[in-house]
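You will see two complexes here that share chain A, one where it goes with chain B and one where it goes with chain C.
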Partner chain A sequence: MYEELKIDLENKFSISFEVMRERRIKIIIDKKQAIPFLSYIKSKGFIHLTAISCVDWIEEGKFEIVYHLWSYSNKIHIILKTKIDRKNPLFETASFVYPVAQTFERDIHEMFGVDFKGNKRQIPFILEDWDAAPPMRKDFDPVNYSKEHFETEQYTEEIETKVRKSQRFRE
Partner chain B sequence: MKEFEYYIGPQHLGVSGNFGIIVKVDGDTIVEARANPGYLHRAFEKLMERRYFVSNISLICRVCVFDPDPQEAAYCMAVEEIANIEIPERAKWIRTMILELSRISSHLIYLGSLTSTLGLYTVMQWAITDRDYILDLLEMITGGRVYHIFMQPGGVRRDLPEGFNTAAKNVINKLKSRLTDYYNIIFNSNIFINRMKGVGILTPDYAISTGVTGPNLRACGYKIDVRRDDPYLVYPKLDFDIPVLHNGDMYDRALLRMKEIEQSIAILEQILDKMPEGSVWNPVPNPLKWEVPKGECFSRVESARGELGYYMVSNGTNKPYRVHVKGPSITHGILVLEEILKGQRLADISPILFSLDVCPPSIDR
Partner chain C sequence: MTGLGRFGQLKSLWVTYFVTGCGGIELLPVITSRFDAERFGIITMATPRQSDVLVVSGFITVKTLRRIIRTYEQMHNPKYVVALGACTINGGIYWDSYSTADKLELYLPVDVYIAGCMPRPEAIFMGFGHLMAMIKDGKADGWKRYKENYEWYKKNQDKACGGGKKWRVRDV
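The block that comes next holds the complex of A and B.
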C-alpha cells in the first residue's frame, strides 16, 4: 500500500516520502506544489483534513506549514510539510480544497501572522484588540508583553492594611 | 420586518463554557450567525513551549474541562512516540479505563445540559448525581475529581487502590439500572421529540467536507471512530460496537450518545475482568533534565466530542519546541454551527449549540 502510494505520488510531484511508522507517512514538498498536491491527494481518498499546524523555525528564518491528512478508506495519516519565508509570510489558501481549512488558517493568521491568499475570512478569531506581534512566534516574549501592558505592584504592609480595612465587615 | 443583530453569550448558556454567538435575526428567525470564540484563551500552546515535558500534563487537562483525560492520553502518547518509550501492559488497561469513565461522565453532562435547555431539569439533576459516582471512582484512582493529572510519559502515576474493583462494579451496576429511566424520561418525552426531531440537521456531505468527527459524524450515518480506525492502547483487544444513526438531527445526536454510554459500560466490564497484573510505570529520566530526542509525531484519540489530535515537535531539549492541539470542537463549533443555525428560531440556539457538544475551551486553547 505504502509503496504504491509512493510511486504514484513521486511520478506526479517532487517530494521526499518517508514512512514514520504504521499508518503514518511524512511528505516534504515545495511550497509551489503544496496546493495542487492537496487537490490530488483528496481525489485519492484523503478526504479528512485533521488540522493545519504552523511551526516557527526562527533560526532558519522559515515558517513550516504542516497539513495533517487522514484517509478513512486506507486508514493512513499523511503529515505534509512545506516551508515558507518568515520575513514575507505569504501562502495560498487550501479552503477551496478543504472548506474546514478556513478556520485553521484563520487561527494561523492570527497566531503567526501568515497571510493566506484567497481565504475569505481572515478576521480576528481568538484574540481581541490585539496590537502586538503575532503571539505564537518564537521572538514574542509574553513576560515582556505583560510588563509593558499591565501594571504590577509590590506587595507591602501598607496594601495589606488597606485590604484588611476594606474587608473589616467580614470579621 | 427589519433585520437586527443580537448578541448571545459570552456568559455561557448552560455549562459548556464561555462562548459567544452573534446572530442576525428577522423576527425570531436567524438569517446569519457568527461564532465568537476566544473568551477562554489561556495560551496553552505558548505556555507548553516554556515548560518541561512532564510539567505540561497539569496544563493540558484544562483544555477541555468535562473531558480532560483524552488530552492527557494524547499528550503522553505523543511524548512516548517521540522518545520511543513502551508503557507496561497494565498501564495501558488503566488508561483505557479512565478514558471510558471520562467519556461516560462527559456524555451524562451532555444529556443533562441538552435537556435542561428545554426545561427538562430532572435529567440534569440525575446526570450530575450519576456523574458524581464516576467522579468518586476517578477520585479513588487519581486523587482528583475533575482534573486528574494521572497519566504521565511511561505509564500512570500509581496502581489501582485496594477495593477498587468492587467499587467500580457497584457503580457500573447502578448506572446500568438507571439507563431505562434515562430512555424513558428523555427519548419518550413528547416535548423532547417535538423539539428535537428534524431540527438542526447536519447533512452527511457537509459534515465530511467540514471535517466533523466523533458522535456528530456518526449521527449522520458514518461508521467512523478513531478507536477502531487508528487503534491505540488496548482498544483492539476489546469487543464493542460503534453505534451509527442516520438522520443527523438533534434527536439522533442525543440518542447516539446514550448508545455510546451503553457501549462504554460494556467496555468497562471487560476491562475490569481482563486487566492483567504487573507494573504501571516504566521509569523515565529525571524530568528536569530529560532531553527528549529530536522528532515529531501526530497522536490522536477519540474523545467524547470526536477526534482529538496532538502535533508535537521536539528539537532535542527538555522542553517541547511546538505543541499544536487540535480540539474536536474547532470543526463543529465554528463553520458547522454557523451553517446549522441559519433559518432556525431564536429559541433553538442553545439546544443546537448543546446538541453539537461544542466545548469552547478546546477551540480557544
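The block that comes next holds the complex of A and C.
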C-alpha cells in the first residue's frame, strides 16, 4: 500500500518519502510545492488536517512548517515537512485547501512571526497586547523578559523564619 | 466596622473562586459534600459584586491578571483576597515564563496565602480559619491598604499589564 502511494506521489512531486513505522509516513518537500501537494493529497483521501506546527532551526536559519494529515480510508498518518527562510518568514496559506488551517496559521503567526500570505484571519490570537518579539522563537529569552516585567522572590531562611513567626496556628 | 459587624461577616463569607490554574481541582471537594465548606458559612457566590472573598487559585497569566483586577475592583468593601498555591507567591514552576506574573501581592493586597502545590482541602480550611481569625481581630485590612497605596498598586499593574492600553476601565 505504501509503495503505490510512493510511486504515485514521486511521479508528481519531487519529495523524499520515508516510512517511519507502520501507518506513519514522513515526507519532505520543497516550499514551492507544499500547497499543491496538500491539495493533491486531499483528493487522495487525506481529508483531516490534524495540526500545523512550526520548528525553529536557528543554526540553520530556517523555520520548519509541519503538517499532520490523516486518512480515514487508508488509516495512514502523513507528516509533511517543508522549510522556509527564517529571516524573511513568508509562506502561503493552506486555508483554501483545508479551512481549519486558518486557525493553526494564526497561532503560528503569533508565536513564531511567520506570515501566511492569503490567510484572511491573521489577527492576534492568544497573547493580548503583545509588543515584544514572538515568544516561541529560539532567540526570545523568556527569563530575561520575565525579569524585566515581573518581579519575583526566591525563598531564603530569613523569609521562612518570618513566615513561621506570622503563623499563629503553629505557635 | 464594629465587632458585631465583623462577627457577622466572618460567619458568612461569600466567595468568588477565580480558578486560574490547577487549584480548581482542589476547590471542588471543598465546596461539595465531602469537606462541605458551607458548615463554616463559606458559600460560593455567583457574582463578584455580592461576595466578600476573592480566591485566586493558581498561576496568573498577564491576560487573567487584567480580569482578576477588574473582578477585585467590582467587589464591595470590605473585601479579602486569598491566594492559593505556590504560583501566587513567587511564580512557582512558572517563575521564568514570559506570560505569567510572579507575585500576586504586587498587584492586589493579599490577606492570606495558602502555600502548597496544590494545597489540600484541609490546608484551604486552615487558611480560611486564619482569615476568620484575622477578620475577628480587625487585622484583615487588605482593602484599606489597596485604597491607601493605590498609586503603588497601579504602577505595578501597569508595568505587568502594559500601561496606556485600554484594559483598565476606570480608576478606583
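Worth a mention:
The definition used in the following text is that the second predicted complex is superposed on the first by the 150 of 171 C-alpha atoms of A that agree within 3 Å, B and C clash if a C-alpha of one lies under 4 Å from a C-alpha of the other, contacts with A are read in each partner's own complex, and residues count from 1 in each chain.
The rule we apply is simple: a contact is a pair of C-beta atoms (placed from the backbone, for glycine too) under 8 Å apart; a residue touches a chain by one contact, two chains touch by 3 or more.
None of these values were measured; they are calculated from a predicted model.
By the document's definition of touching, of the two partners only chain B reaches A:72; chain C does not. By the touch criterion defined above, A:24 reaches chain B but does not reach chain C.
By the touch criterion defined above, A:39 reaches neither chain B nor chain C. In the superposition on chain A, A:161 makes contact with neither chain B nor chain C.
Looking at the shared chain after the overlay, A:16 reaches neither chain B nor chain C.
In the superposed model, A:51 lies in contact with chain B only, and not with chain C. Contact with chain B, but none with chain C, is seen for A:102 once the two complexes are overlaid on the shared chain. In the superposition on chain A, A:125 makes contact with chain B only, not with chain C.
When both complexes are overlaid on chain A, the residue A:150 reaches chain C alone and has no touch with chain B.
Chain A residues in contact with chain B (one complex) as well as with chain C (other complex) are 126-128, 135, 142. In the complex of the two chains, the chain A residues touching chain B come out as 20-21, 23-24, 26, 47-51, 53-56, 66, 68, 70, 72, 75, 77, 79, 98-100, 102-104, 107, 111, 125-128, 135-136, 142. Chain B meets chain A in the complex at residues 37-38, 41, 43, 45-46, 81, 208-211, 213, 222, 224, 229-230, 296-298, 300, 307, 309, 311, 313, 321-322, 324, 326, 330-331, 334-335, 363-364. Those residues of chain C that touch chain A in the shared complex are 62-63, 66, 90-91, 95-103, 106, 126, 129-130, 133, 159-162, 165, 167. Residue ranges on chain A touching chain C, taken from their complex, read 126-129, 131-132, 135, 140, 142-143, 145-146, 149-155, 167-169.
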